[in-house]
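In the part that follows, the structures are each spelled out as structure tokens.
Heads up, the next two complexes both have chain A, just with different partners, chain B and then chain C.
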Partner chain A sequence: MIKKVEITPENEKFLNKVNELSGQVVTLCEQCGTCSGGCPLVGEMDITPSQWMRLVQLGLKEVLDFKAVWVCASCFTCTVRCPRKIDVSKVAEALRQIILRKAIDYIDLKAIPKDELACLPQIALVSACRKFTG
Partner chain B sequence: MKIGVYVCHCGGNISEVVDIKKVTSFAEKQGDVAIVRDNAHMCSDVGRNLVLEDIKEHNLDRIVVAACSPQFHGKTFMDIVEKAGLSPYVFEMANIREQCSWPHFDEPDLATRKARDLVNVSIAKVKLDESLERKTMPIGKRVLVIGAGIAGIQAALDLGDAGFEVHLVEKEPTIGGKMAQLSRTFPTEDCAACILSPKMADVPSNPNITLYTNSQVEKISGFLGNFEVTIHKKPTYVNENCVACGICEEKCPVKVPNEFEQGLTKRRAIYVPFEFAVPYRYLIDEDICIYLKDGKCGNCQKVCPHDAVDFTQKPEKIEIKVDTIIVATGYDIFDATEKKVYGFGTNKNVITSLEMERMIVHEAEGRATREIGKRIAFIQCVGSRDEQIGNEYCSRICCMYATKLSQLLKRGDPKKDVYVFYTDLRAFGKGFEEYYKRAQRTGVKFVRGRVAEVNEDSKTGKVILKVEDTLARQIIESEFDLVVLSVGMTPGAGTKQAADVLRMTRSPGGFLQEAHPKFKPVDTLNDGVFICGCAQGPKDIPDTVAQASAAAARAIRLMNKGVYAVEPITAVVDEDLCSGCATCVSVCPYDAVKTELKDDKRVAKVNEILCQGCGSCSAACPSGASQQHWFMNNQLRAMVGAALGEEEE
Partner chain C sequence: MTTTKPETTKTTATGNSKIPYYPGCTLKTTAKNFENSALAAARALGIELLEIPRWNCCGTVFSLADDDLIHHVASVRNFIRVQEMNDYGLVKNENRLVTLCAMCFNTLKSTNLRMKNNAEDLSKINDLMYREEDYQGKVEVIHFLEVLKALGFEKIHDRVKKPLKDLKVAPYYGCMILRPQEVGIDDPEDPTIQRDLLESLGADAVDTPYKRVCCGSYQTVKDKDIVAELAYDILTHAQKEGAEALATVCPLCAFNLDHRQKEVKAKHPDFTEIPVFYVTQLMAIAFGLDGECYGFDQNYVDPRPLLRKKSLIEQQQES
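And then the complex of A and B:
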């Protein structure tokens, strides 16, 4: 089903927020798709990097509903290749920040059994704290 | 003194922000101001006549026009003032559009105040304006055209046909430039060689054109009407006896990649650049000839039946004098090895579009140079619109030549799969959109997405592209037999050298800068020097030819009357104050100042023809001896005083 979207002054605010957080001018993206074509993880994503750039340009908040920015490994391949010199990784980070600032706990660290905690890889733990706790 | 002040509305451009009434009533109160008027369009016939009639009727002797930039309409009003019988230099323009209403549109009160101040400044200056006279200088009819691609050829032919003496210099051994290498031309698909070769042949047969091939302009000094040019002509080691019989070539043992064929075929050390080269004569490549290197071989000389091979030829220095110069030094294609992700230079199945041009020519002539394959991909914007490699500009031709090459391939063999991967498809010219449609109808597939990377399948040798189809939002990873890089244009070594020799300004992309992007597109900031073709910026053949004819016409405009007007805004030296320190000599960018002995005292002397009135010397002069007409120190002081609201002395 094709969804209709509305473009309102509210959308501009969302775009400006992403611009401010990322330090990038997202409207500079010419939608060439270099970022997506070279992305090593694009096969695991639900939308492509250029798609999240587009959704941000239009100020559509549903970009936050997709998981792609969480798949992004910040490898910077997109950043070093973008013909408009946009740091796409920073835009992904800005989108992650917007979600993280809602401070929602998805995991309860106290509920993890101690012996399990002892054998969990540290890096996974740190990452989980960052991504899944407020 | 009677000053007339005219305030322009610019059809709302000014009056919608600046309160015209306030400006005029302010001007009315100033001393010596006899008449103040405002008009919707001062530059129109009505506006101009207003000035003209007022000068005659009210005996005005000074004019101030508050309107747009003097760059834009300064000359318009100066001509009117001159027509009314005054010196065109008793005129001032206050720029209340670009400096008031446009930048300060959101602050109308301040914009009005600034407009009032600028009018005040102009009034202060105009009172001290001298009645300078435009001088005229004699000028001849000799033109130097640098570069003999299609731009230089067109300009030279136009000038030659009009009866001007043309010196056409080309660094390659033949004229024709890049166009000679093309297969067909979009959108009409004329064979490039077929339409170019008659024009090339016209050059040596034109009695007014002197052609210097294998030559480079080494040095240019002097000025409009008196340029002194040094041309360095490399030896070809083959004299005019050559009838291009080709016997020598058969005996030459050296083989190197043929640059005209983009390395697809080989040529010998003694060779003709291509079959319709002008001059059509053999030459020896001195870098690879065995005889020239170590005195052995000499086969060509032995077999030549016409005694045409002459190893004693030496480089020549030719000195000529010309009145104007046209720079048509063209472009180089982007060096695709710079774009490493596309693997050009390491992957033999990745080629440039210029190679594809040559391949198509050979294929059409039934002597294919290499296998083209069934699946062909064109990658657009290689070296253009890419800030990672430092080229921000669009090269303008790649969309259409890819459209051309792709459909020539597809029509030649409908079983071929031809894809064009593009970011934006720009079909801007006459007939281009229709031509693009024709390619789509032929079955060329256009995919919107810039190719991210090109990899080689180590087993099959095939090329694998990775690209996002940004319309379907799918990632394509597909194999192709051949990948064609649609390389863009770069300013090229010849253009860079010409810019250095002539001290020309270059635009951000490195191409030569025109004097005004709209109204002086082929003039430069160097008087008497014109530019055309791709030296000025990327463009296609029709635009190049149009610009070349335009440059020829602009040069003719200067030379045709036999005299030209010289701006009297030059530096002037007060010899009593001058200590002969020569600071001005060292800062002058035009070599216009020299020192000389006068009554046993060393003083600076300005060549008024060379002087462009840039003001460098006036600023540098430690004793204030060097000043500039129309911007004399007392005028500048009065302007600053007026700007600061000081009372008149």
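And then the complex of A and C:
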């Protein structure tokens, strides 16, 4: 599908925001797909890591509408494999942070069943709160 | 079977060395069996892991957003505690901080690297914690497996009283002790440190390409089905290679691979359960230590039938 994208100052602003939060230069991505090929969770995602990289390069905020970065488990497999040395995990974190900093949580802590709460280790709960709540 | 006398205090020729030890929250609760077995195994090797006074939660995950400094404060406070241990003479010229939990290790080491590589960040954090002494940036965060490697697997082999003969164990590494590369303790694609340890204990280490594939980590809170699918792949691949058990050093991997077998079984009725050990539990068995430190009651899949089959524990003993 061919889609015409006009790069406006607004798009550049979004790209710069992601670069700033992640400390990465997202435009260095050459779309080789190594991150998507090695991602253990890609099967659960609605777009692949290389797709979110491309959307950010174009400054398209619609990248925030996909759940892919929330499925990311920050396992750093993409990070150690990227031939352009881009830390893709940090780009995912930047996208999550843009939403979380608007006080929009991805997880409803009250919805966790009591029996689950009783058995989940603290590191699971603390890390989920750190990753999924603002 | 031959009975071996339980030993918990004997030190080796290397003498007794005290290293500041950071437990983290989970080692005091759902992974108590990890802590107890590790402390006992370390002691048997002449290493005393000295718990850091007044330690606090490390934050569990390293904040990946570049502008987020506040979430590093928790980790840095623990480094100051190590400095104080030296100040108060609890340890002497010992800047190492040892962790058992892989997640704490990753968080603490990542934070430490950021502080060491960025003087401005360090100074901001020190200013913020004006009631603490300044962090000097000298602490070295290491994982217990690195302590064992430095000691030498030969020495560990010499300490073995009850070799784990014929026990086929697949070492599982997960993410946090391997990646990112500057934090990892081994080759991120083909790690060997746990294999070497298991072999020094007399076990057959089973290799599987899934040894470094993520278990789903904190996704277990939001969507346990995702984790159950990953666990199914990791566990069944180990089984296909002949493994009778897995070994890990991460309490979250242990939860996802062990406790989530309930969900795995519900989704895949053909699945057969497989025990998941902390590698330190296997050390404690091989060293012939008192069964009290094994803590098998906290394992979801009971490993005792397997261990009895291999004559590694008594028929009706050891919790």
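Keep in mind that, in the parts below, the second predicted complex is superposed on the first by the 98 of 134 C-alpha atoms of A that agree within 3 Å, B and C clash if a C-alpha of one lies under 4 Å from a C-alpha of the other, contacts with A are read in each partner's own complex, and residues count from 1 in each chain.
The rule is short, and it goes like this: a residue touches a chain if its C-beta (ideal position, glycine included) is under 8 Å from a C-beta of that chain, and two chains touch if they have at least 3 such contacts.
The structure displayed is predicted, hence computed values, not measured ones.
With both complexes placed on chain A, chain A has more residues touched by C than by the other of chain B and chain C.
Of the two partner chains placed by superposition, A:65 touches none, neither chain B nor chain C. Touch criterion not met for A:10: it reaches neither chain B nor chain C.
After overlaying the two complexes on the shared chain, residue contacts for A:46 are found with neither chain B nor chain C.
Of the two partner chains placed by the overlay, only chain B lies in contact with A:34; chain C stays clear of it. Legend: residue contacts after superposition of the two complexes on their common chain; A:80 is shown touching both chain B and chain C.
Residues 80 of chain A touch chain B in one complex and chain C in the other. The residues of chain A lying in touch with chain C in their complex are 20-23, 40-41, 44, 70-71, 73-77, 79-80, 87, 89-90, 93-94, 97, 106-107, 112, 116, 119-128, 130-132.
Those residues of chain A lying in contact with chain B across their complex are 30-39, 42-43, 47-48, 50-51, 80-85. Across the complex, chain A is touched by residues 341, 381, 385-388, 423-424, 448-453, 466-470, 473, 475-476 of chain B. By the touch criterion stated above, chain C contacts chain A in their complex at residues 24-26, 29-31, 57, 59-61, 63-68, 71, 101, 103-104, 175, 179-181, 188-189, 213-214, 216-222, 224, 226, 230, 251-252, 255, 259.
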